[in-house]
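In order of appearance the chains are A, B, C, D, E and F, and numbering begins at 1 in each one.
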Amino acid sequence: MAVVVRNIERASAETIADLAECGVATVHEAQGRKGLLASYMRPIYSGARLAASAVTISSPPGDNWMVHVAIEQVQAGDILVLAPTSPCEDGYFGDLLATSMQARGGVGLIIDAGVRDIRDLTEMNFPVWSKAVYAQGTVKETLGSVNIPVVCANQLVNPGDVIVADDDGVCVVRREEAETVLAAARKRVAAEEDKRKRLAAGELGLDIYDMRGRLAEKGLKYV
Amino acid sequence: MAVVVRNIERASAETIADLAECGVATVHEAQGRKGLLASYMRPIYSGARLAASAVTISSPPGDNWMVHVAIEQVQAGDILVLAPTSPCEDGYFGDLLATSMQARGGVGLIIDAGVRDIRDLTEMNFPVWSKAVYAQGTVKETLGSVNIPVVCANQLVNPGDVIVADDDGVCVVRREEAETVLAAARKRVAAEEDKRKRLAAGELGLDIYDMRGRLAEKGLKYV
Amino acid sequence: MAVVVRNIERASAETIADLAECGVATVHEAQGRKGLLASYMRPIYSGARLAASAVTISSPPGDNWMVHVAIEQVQAGDILVLAPTSPCEDGYFGDLLATSMQARGGVGLIIDAGVRDIRDLTEMNFPVWSKAVYAQGTVKETLGSVNIPVVCANQLVNPGDVIVADDDGVCVVRREEAETVLAAARKRVAAEEDKRKRLAAGELGLDIYDMRGRLAEKGLKYV
Amino acid sequence: MAVVVRNIERASAETIADLAECGVATVHEAQGRKGLLASYMRPIYSGARLAASAVTISSPPGDNWMVHVAIEQVQAGDILVLAPTSPCEDGYFGDLLATSMQARGGVGLIIDAGVRDIRDLTEMNFPVWSKAVYAQGTVKETLGSVNIPVVCANQLVNPGDVIVADDDGVCVVRREEAETVLAAARKRVAAEEDKRKRLAAGELGLDIYDMRGRLAEKGLKYV
Amino acid sequence: MAVVVRNIERASAETIADLAECGVATVHEAQGRKGLLASYMRPIYSGARLAASAVTISSPPGDNWMVHVAIEQVQAGDILVLAPTSPCEDGYFGDLLATSMQARGGVGLIIDAGVRDIRDLTEMNFPVWSKAVYAQGTVKETLGSVNIPVVCANQLVNPGDVIVADDDGVCVVRREEAETVLAAARKRVAAEEDKRKRLAAGELGLDIYDMRGRLAEKGLKYV
Amino acid sequence: MAVVVRNIERASAETIADLAECGVATVHEAQGRKGLLASYMRPIYSGARLAASAVTISSPPGDNWMVHVAIEQVQAGDILVLAPTSPCEDGYFGDLLATSMQARGGVGLIIDAGVRDIRDLTEMNFPVWSKAVYAQGTVKETLGSVNIPVVCANQLVNPGDVIVADDDGVCVVRREEAETVLAAARKRVAAEEDKRKRLAAGELGLDIYDMRGRLAEKGLKYV
């Protein structure tokens, strides 16, 4: 049952780069409010912002053997997405693995578990979104799988899906929907730009979105 | 039952500004250790420090309609205090609403739920203390109320109460007690300044506060 | 039962300084993956990194009297390690106590409870690893003990044990094992340096650690 | 600032008894979905169901002195509602205090902290809804207050308010609204009885509540 | 995007009944340790044990409209599996909905949110595994979907998949693997029966599973 | 570093039996409020009450190999105390291991992790206090140790220490203090019996413990 899928499809590099520009909140709205990982997934440092193709890892708790296996499958622009098969906060990943990732063009890590060496990772500019920071080491005894669908922080992630991540958290976009979602996200960005100007000028959302009638109809009383 | 109270009383701008200077820990002590919101209320970035008059929002879970209604009630120097009627960590508030708040002179947000667009909010210098950072969007379907008393993060907040917030958390000061609390806080600040100097010079708290006798009386043994 | 042990043994200052250099993750591995405090122990600001001799405090919940007692026992290079006798997140410690600590050469605080005045502590460059940031004050009514063995964040800490702390968390090293652990940690640092170079050059962990055979033997399939 | 209010008003015994019959979920709906304590407030045994007048206690963390003070204020049919001034899970209350409560006609305890001796309390048929079960004892060193408004498990409770509690949790009803809420609750009970029969006979909520049109209008698709 | 899938495939009633007999722990092992929902999913009363076909619900937070829609799709032997689109612990489900479920042959509920009326549900013998017990009501304002794949408590559940649930928690078995998993589970049951006898007779697992050699080889020392 | 200590000292069977009679809350008070395990350690069924000698296990996360090793060391009247070396909630223990324990006279399990097969364990009358109930299985790949001191749920437990456990939780008594603690506990039981009678007769704790003077002295006001 332990398998490594070598060849996965990825979205186009251009689409991925453009999704990164839109950011998590916009992309999440643009695809109909789905795909958001649990809010406990936090970045190890502020300001990172990326989109990348998922190389997925299903790993036993406290065992990071499969991370080494996965890195061989990484191409430039990929991000590792690790889901333990049982809840765990051990530090599966540190600066040596990040060095290896960067050498192969890997751009980050999403891990529903722990990470360590965060001072080094920060200096290396290697972004990680994790459930925990924890120096607890792991063993290399039990197999897992690479590039199978995984559930990570309460979301299904398929290999090759696009991960969008920033200070707001992490969102997964299905590979085959990446183009459509990008188009919708761009529309939102444009629409928001216009609204931002009007709001900055002092107009109220109540008026811009024409809410007053519906509020009255529902029975809101001003006293 | 859904109401918007338009006119609320506020403490004087000068008192509010001076409470901000004192900071949360001092104000909390000065008013007899009451009014502190739960420790899970954390700032989205470090270093923010403010005091402001509360415009309160009671909102259904996952529904930010009332935020738009509340912003119309905001005056310069006000802060929104949002309490959902059921626990929720959705991102009720992002950069567009912050733009609208700033346009009206609003200075921040206290929310017992989630916030998003924190990169933008940080750049805008718009401080938020929240329970969660989460890109999850909300709907606009169900009414709530504005400027009624709410319980936020285990504290009662009345509209017009003074919110003091900094890196230590959030504290609420009753509007009608603001002057008294400020006076007491100033006394503490002065007294602490003196103690700080003595402690910095190497004197021990044991001696400054004259604790040795009472410790011995209670039975402390040195071995 | 309330005692203060005045004289405790400490590891050599040189050993302690060198352990700080190695960092938590390396030291924890070097001593066989033991001694790591719970992952909820987080630094109040990023970038701090130290090793120090533990002056331990067993304190009632919500009562910081013993902190004053403990500071008298602090020598240059010591760190306070406070374990409440019942779970508590009150702010036992703030800028005045930090001033007193620094005046005596104390270098930090590990506390399985809360801390406050973190803006001041950050400016003072006084590092704290804590379970919570909380402005809630404490009383001075009930005795505890100083320099007895305590369990702090699920680890036993004896007075005089070496605390190593950085952005990854906190690890305790038995005083009598400090030399041995340092030697082992140095070996790891050296070995890691070599591996880092090879990984940076694009070699895979799979090859450096010679994992392919064992993976195949356990049954890993590539598809 | 430490006060004991001796005389509080209570709702009528008959109203209180009838609210108990309605149960928490119904009463909560009947009063417009307000007043529900946090879901972590759980009964120590299943099947208890009561309504009672609140005698409130504001108590320091880890200090149960005020419980003794409060019991003197208890009348037949009252329930203690204890809110610590800082989060705490210590066992403030055990079988001796329950014996004292029962001797005075007190009927239970709502505590946003811990309770102990639950085997005895269960045998005594003394119901408690608490945040924790924990044998950790408390001290009697610091004053608090009795019969002042408190925030307990994120709800404001005034002395004399009616507490309704059962396996679903705990709800507070304002004393002055008790009659109105009871009337509304009775209507719900009657209406639910009718619906229960129709649902039991196989009718669908979709038809009983006439939902199909509005679902279609909102755009629900059947495939 | 809001859809109701009317026709779903189900595993055979016989297979489902037999999986119930095997229990969660055995089924989970038999299918290679996958499919287990998060441990916070707990039964509202002890002793329930079932297997059933999943009718899935994707629902907005705090909105139980789709439950009514889903019940129309329920056939005898089905169980509802509700996943909110954002974390929520509101009480989506109570005795009226359970009455409707039982009238249609529905056998239970798995809900990654809250449930209420648990005294009634217990008397009705209607089992629920939930994240919370909470009387908080919900609205009927926003659409969701029925019988689409959902992630519930960190596991993917497809409509028609087999849910196995008992006091140990909840496990999902893919519909198309139900036969194979049942066969493997039966083997385990038989093998365990034999081991149980040997262990009851005082034989050690060390000997039954022939562990001594491998322990010695790994370096275990007896002292 | 992986060791099994074969011979441990135990307290006398009579002392142990008598400690069980006193119960957790009384024993904890009698030994000066120390030794209480974290409140998240809960029994899998109500009503169990025991005292027993600890056979300790230090185990890797998700690996129950050492449980088999430990059972060989169990004598009649012993209880297993398992502490994982990193936080974990996997189900290390089920009905087969319980069968083996009972065959050797073992009386229960304290585990800072998960347990499964709780329906069977309940029927077998085999009590467990655990952090979680979780069907997630474990592997047998990595060594740990048996009968070394462990920190379990934030308390140090030495092999041979006496574990007292009931519905209130779990307390550890040092083996060498067992007699003294028992004597103190018996005194408390006697004293409590007298107080219970007086309280049941309607006397107030305020009078029995002579609190009124000290309350007045501290400044309590009756209004």
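Simple rule for what comes next: a residue touches a chain if its C-beta (ideal position, glycine included) is under 8 Å from a C-beta of that chain, and two chains touch if they have at least 3 such contacts.
Quick caveat, the model's predicted, so the values are computed rather than measured.
Q: Whole-Å distance, subunit A centre to subunit E centre, using C-alpha means?
A: 28
Q: Express in whole angstrom the distance between the two chain centres, defined as the mean CA positions of subunit A and subunit D.
A: Centre separation, subunit A to subunit D: 42 Å.
Q: For subunit A versus subunit B, what separation do you get between their C-alpha means, in angstrom?
A: Distance between chain centres, rounded to whole Å: 31 Å.
Q: Measuring from the mean C-alpha position of subunit A to the mean C-alpha position of subunit F, what distance in angstrom results?
A: Comparing mean C-alpha positions, subunit F is 42 Å from subunit A.
Q: Where in subunit C do residues touch two or more other chains at once?
A: Within subunit C, the residues that touch at least two other chains are 33, 36, 39, 85-87, 89, 134, 136, 142.
Q: Touch graph across the chains, line, ring, star, complete or other?
A: Graph shape here is other: it fits none of the named patterns.
Q: For each chain, which other chains does it touch, given as pairs?
A: Taking the chains two at a time, the touching pairs are A-B, A-C, A-E, A-F, B-C, B-D, B-E, C-D, C-F, D-E, D-F, E-F.
Q: Give every residue of subunit B touching subunit E within the complex, in rising order.
A: Listed in rising order, the residues are 60-63, 85-90, 134, 136, 139, 141-142.
Q: Of all residues in subunit B, which touch subunit A in the complex?
A: My answer: residues 2-6, 45, 65, 68-69, 71-72, 89, 91, 94-97, 99-100, 102-104, 114, 116-119, 122, 132-137, 140, 142-143.
Q: Inside the complex, what are the residues of subunit F that reach subunit C?
A: 1, 32-34, 36, 38-39, 85-87, 149, 151, 153-156
Q: Touching subunit F in the complex: which residues of subunit E?
A: The touching residues are 23-25, 28-29, 33, 36, 39, 42, 46-47, 49, 166-169, 171, 192, 195-196, 199-202, 204-206, 209, 211, 215, 218-223.
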